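Notes for the one structure printed next.
To keep things simple, chains are lettered A, B, C and D as they appear, and every chain counts its residues starting from 1.
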C-alpha cells in the first residue's frame, strides 16, 4: 500500500513542476524568435560569465601559460567557470550568452566572423600581423610531430610542402600566422608519382588547417589519400610516438618529456588566441592584467571593464 | 476528498503525463526537423563528406554555344563550353556542354576525374599566368583566360558536406555488432531459460548481465579503447567499435530473448516432450518458432541502440568522415577507421558549433530508426497471427 | 495376463515434501484403469511418473521401481523412446500453434519420419482413430487454435495415437470440456481401449464407473484400494474408500 | 512391435554438445564483465598503489576531493559523485511518476487507437540518440533555464535533470507498460466486480501486482540516468569544482568528466579518468545489488 501512496504523493508535486517547465518550454519555443525584444538585463551590471576549455586542451594550456595563472604557485582559475570542450562550442556559447567571455583560436574567430566579436588586448587588434610583429602576445604554435623512422617519402613530401611557400599561403588563408618571407615554392617534380595514405591525427584546433593543407597536397598528388582523427593534442603526440599516426599535431608547445623518445617536431605556424564576447557587449578592449583578474575570479562584473 | 474527485484528479494527472511524454517527443523531433530540414538533399545523402580538390588539365578543339537559359551574371566560355557563376565568395559551374572537355578532364596522375554541376573552380593557370577566382577577381580577366585556346590547368573543388561515408560506416557497425551479439545473446538466453538449474552459476550469469546492462556507454568507450584498440592491436577501426558494441548489446539481446522464450507456454514444451521429442527438437521445432517475434524486437532494439550510440564509439572508431576503405587494396576493410553518424553529429556541435548539420544527421537517424520500428512491428504482428 | 506396469515401493519427494508413499500396483494392459481421489492426493503425480514427465521438475526425486513390460523405466534408458511408448493427454488441451496436420505429424517427424506419403497415412489414421477425421479432413492446414475445446482435446489424443503408443495416460482429459464434448471423448476411449492400455485420472466418479475396468483410490499420497471398478464402487474394502465414494468427504 | 529403450548414443552426445554451446554463450557475459573489471580497474586503481610509473595519488583525496584541476595535479571526484547523485535522483523523482502515469495511460486508460499512437511515439523517444538530446538541451533547455536562473548561464543541474528525465521516460514506460499488461485479467475483474472504480482498480490492484515490473523499470531508469554522457555534456557547465548548492548551479558529473578530457589526457591524468570510470562502475554495482535485493523481497510474492 505505502508504495502506491508514496508514488501518487510524489507524482502530484513533481508533475505540476514539470508541467510548468513543459508549459514554459512550449511558450519558450514561440517567443524564442522574439528573444531580442524581451529586454536582457542591462549589460553593465551583469555578472561576467567566464568560459574556459577542458583540462588538457592545448588552447587552454597555452592561454593560461601566456596570461600567467592557474599554474604552479599562481592564482587558480575561478570556481564558477563554464567548461566547454571545443572551440566551436565555446564560439556558439558566447554567441548565445550576452554576458559571457571566452577564448578561441584565430581560426575559429575567422570561421564565426559575425556571431562573436574579438576584443583588442592591451589596445592591440587580434590579427595575424600583430602576432607576427609580437605586439599581440596571446598566441601559441601549431606543432607537427613525428618519429623519423616511421616516415615514408609521402610524409617527407608533405612536410616539405607544409614548409614551402604554397603550404604557408594555405595556412595564411585559413587565419593562422606564418612568416613566409624566406620560404621557396614547392618543387613538385622532385617527387614523381607519389601514392599512399597520410595517417594523421591530434589536436581538434589544428584539424581544419591540416585538412586544408592535405586537400591541396592530394590535389597535386591524386594517388595520395589522407586521414585526420581529431582525438586531442596528447593523443596526437602519443600516437605519433607509437606509430599509430605517421604525423601527430598539437596546439601547444611540445613538453621536453615528450621529446625524450626521439620525437622530431616542426612548427607549422602560429595561431593566435582571441578573447571573444557577444556582439551585444559594449566592452571593446581588455588588458592582459584584466584577463588574469577575470579568469581568476577577482573581477566578476562587466562594469569593472567598461571604459 | 471524495472518491469521485480523487479519481478525477488521478485521471487528469494520467492524461497530463501522457501529454507531457508525447509533447516532449513532438518538441524534440520538431526541433531536430526545423533545424536540420534545410540541409537535407540528395547530395547531403550521397556526397562525400570532405571536399575534394583536383588539378585538371584541359585541351579544347572546338567552339561551343551558350544555352539560351543562361543568366546574365554567368560567365560563359566558348572555348570550354562551360559557364561559371559567382555564388557568395566562390565561382560555381552552373552549366556544362555535353561534349565539353571538362567531361574528359584528367588529373596530375592522368586519372579520369568526374566534374559535375555545383563543383567550384578556385584557380585557372593558362599560358604561364595563374588567376585565383574569388569575389575580388575581375570578371573580364576570367573570361579572357577561359577563352585562350591552349592547354589550361583548372583547380576544381567538389563540394563535400554529404554523409555517405558515415552511413556506410554505421551500416558496417550494425552488421559487425549484430553478427556477434545476436547469436551469443540468443544462445545465452536459451541456456538461462531452458537449461539452467537455479543455483550459484545462474545467479552469477544473471548478475553479470545486470552489470553489463548498467555500465554507462562512456565506460564501454574506455574499455573498447583499452582492449580492442590497444591490447588486441586492432587500432581505431570499425571492428574495434563493433566488438565494443557487441558487449554493450549483450544484455539487451539476452533479456529480450529470455522474455520471448518465457512467453512460450510451458504446455507446448510438455506436449512436445510427451510425444517423445528431445530438448533440441522441442527447442527448434516449437519453442524458438513461437519466440521469434520477441527475438526480433531484441534485434530491432539493438539496431536502434547501435545507430544511437556515440559515447562508446568516441575512442574506438575514429572521427574522420571517410569510407572505411583500405587505400592500397581499395576495398572495404573492417580494420579501417570510419565515423558513425552520431559521433560525427557530436563533433559537428563540439568542434564547429554546427547545430544544423547535427540536426540534419539526426533526421536521417530518426527516419531509419522509425522505419525499423514499423518494420519490426509488422513482422511481429504477422508472426503472432500465424502462431495462434 | 502379464501387467503393463508393475510398480513396487514407489516413493516420490518434491524437495523434502513426500508426495507418494510406498505405492505398489499392477496396471493391466488393454484395460482402462481410473485413478480417483481428492485433489492433492497425488494421483496426477503418480500418473506423471509412468512416463517420467516428473523429470521436468528439478526438485522431484524417485525411489522404488516401475516396470514397463518387465523393464525398469527409471534405469538408464532413452526417456524419448519411453514417451513414444507411453503417450499422454493433458488436462487443458494444448495443441501447438501450428496447422492441424503439423500437430499430428510433429511426433513422427521428431522420430525421423520424413516420407510424405507415410505421414499423410499416419495423420489420417490418427484422426480417424480419434473420431475427428470427418470434422477436419478438409482444413488440415488450418491452425489448430481455431478448433473448439472438445475438438482440440481429441486432436491431442490423435497426436498421441500418431506415435503408435502402447499406453495412453490421461490427466483429467474432460474436466475443461462441456458435457457434449466430454461424452464424445468418453465414447472415443471405449474404442481406444481395444488397442491401448489407458490410465486416466478423473475427478468424476461417474466417469470412472462408466468407462474404467479397474479403479485405484488415492488419499494423501497413498494407494488405499485398487480393484475392479464395480467391486470398488459397490462394496469397497477400506472404510476411507467408502466415505469418499458416498461423498462424505473429499 | 516393441521399441527397445536402449540409449541412443549419438543423440545423447548431441544433447551434451548443445548444452555446452549454450552454457558457453551464457558465460561470455561473465567473461566480458571480468575483462572490463580487469582492464578498467587495472588502469584505474594503479595511481593509488606505490610503484605506479606516473606517480601515486591518495585514494581518500580522490574520493572526497572537491576540486579537479589536472594541470595542478589535483584530482578530486568527490563533488562529481554528489552531483551525479543529485542529477540521477532529480531525474528519477520527476521521471518515474510521469513514466508510471504514461504507462498506465497506454495500458489502461487510452482508447485502443490512441494507445496505438502513443506507444510507438514513446518507442521513438527511446530511439533518439542521446547526442540529439544534448543538442536539443543546448539550444532549447539551457536558454529556458537561464530565464529563471540567478546565474548568467543556463548550464545547470536543472537543465541536466530535465534532459535526463526526458531520456529515462521511454525506458521506464516500456518496462512498466509490459508489466501492467502482464497482470492477469482476473485480478482487474475481481476488483471491478467488488464495485471499485477503474482508477481504484489501477492503484489498488494492478500497480501493486506489477510491482516487480515497476521496480525493474526504476532500476533501468537509474542505470540510464547515472550513465548518460552525451546528452548532458553540453548542458552541465562542467566546472572544475563545487557541489551544486542550488538546482541552478553548474555541475560536472562523473560521466562528463571522462568524455571531456579523455582526448587530451596522458599518463597520470588518463589513469585518473579511468579511476573515475571505476567509481562509476562501483556505483552501478551498488545500484544493482540494492535493487536486486528489493526486487527479490518485494517481487512477485
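In this text, a residue touches a chain if its C-beta (ideal position, glycine included) is under 8 Å from a C-beta of that chain, and two chains touch if they have at least 3 such contacts.
Because the structure is a prediction, the values reported are computed rather than measured.
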Centroid-based (C-alpha) most distant chain relative to chain C: A
Selected pair, greater C-beta contact count between B-D and B-C: B-D
Approximate Å spacing (C-alpha centroids) for the pair chain B, chain C: 59
Geometric centre distance via CA averages, chain C-chain A, whole Å: 81
Centroid distance [mean C-alpha coordinates] between chain D and chain B, Å: 25
Intercentroid distance (Cα basis), chain B paired with chain A, Å: 27
Two or more partner chains touched - positions in chain B: 10, 13, 16-17, 20, 24, 27, 278, 315, 349, 355
Where chain D touches two or more other chains at once, by residue number: 11, 97-98, 100-101, 138, 140, 203, 234, 259, 262
Multi-partner residues of chain C (at least 2 other chains): 80-82, 84
Chain-level touch network, classified as line, ring, star, complete or other: other
Interchain contacts (touch definition) - all pairs: A-B, A-D, B-C, B-D, C-D
Interfacial residue positions of chain D with respect to chain A in the complex: 68-72, 93-94, 96-98, 100-101, 138, 140-141, 143-144, 146-148, 151-155, 162, 165, 203-204, 207-208, 211, 233-234, 237-242, 249-250, 252, 259-266, 269-270, 298
Complex contacts: residues of chain C adjacent to chain D: 69, 71, 73, 76-78, 80-82, 84-85, 164
Chain A residues within the chain D interface of the complex: 1, 3-4, 7-8, 10-11, 14-15, 17-18, 21, 24-25, 28-29, 32, 35, 46-49, 54-58, 61, 64, 70-72, 76-77, 79-85, 89, 92, 96-97, 99-100, 204, 230-235, 237-238
Complex contact set, residues of chain B against chain A: 9-10, 13, 16-17, 20, 23-24, 27, 50-55, 107-109, 111, 113, 155, 157, 235-236, 315, 318-320, 322, 327-328, 337, 347-355
Chain B contact footprint on chain C (complex, rising order): 51, 53, 56, 58, 80-84, 87-88, 90, 92, 94-97, 106-107, 109-111, 143, 145, 156, 159-160, 163
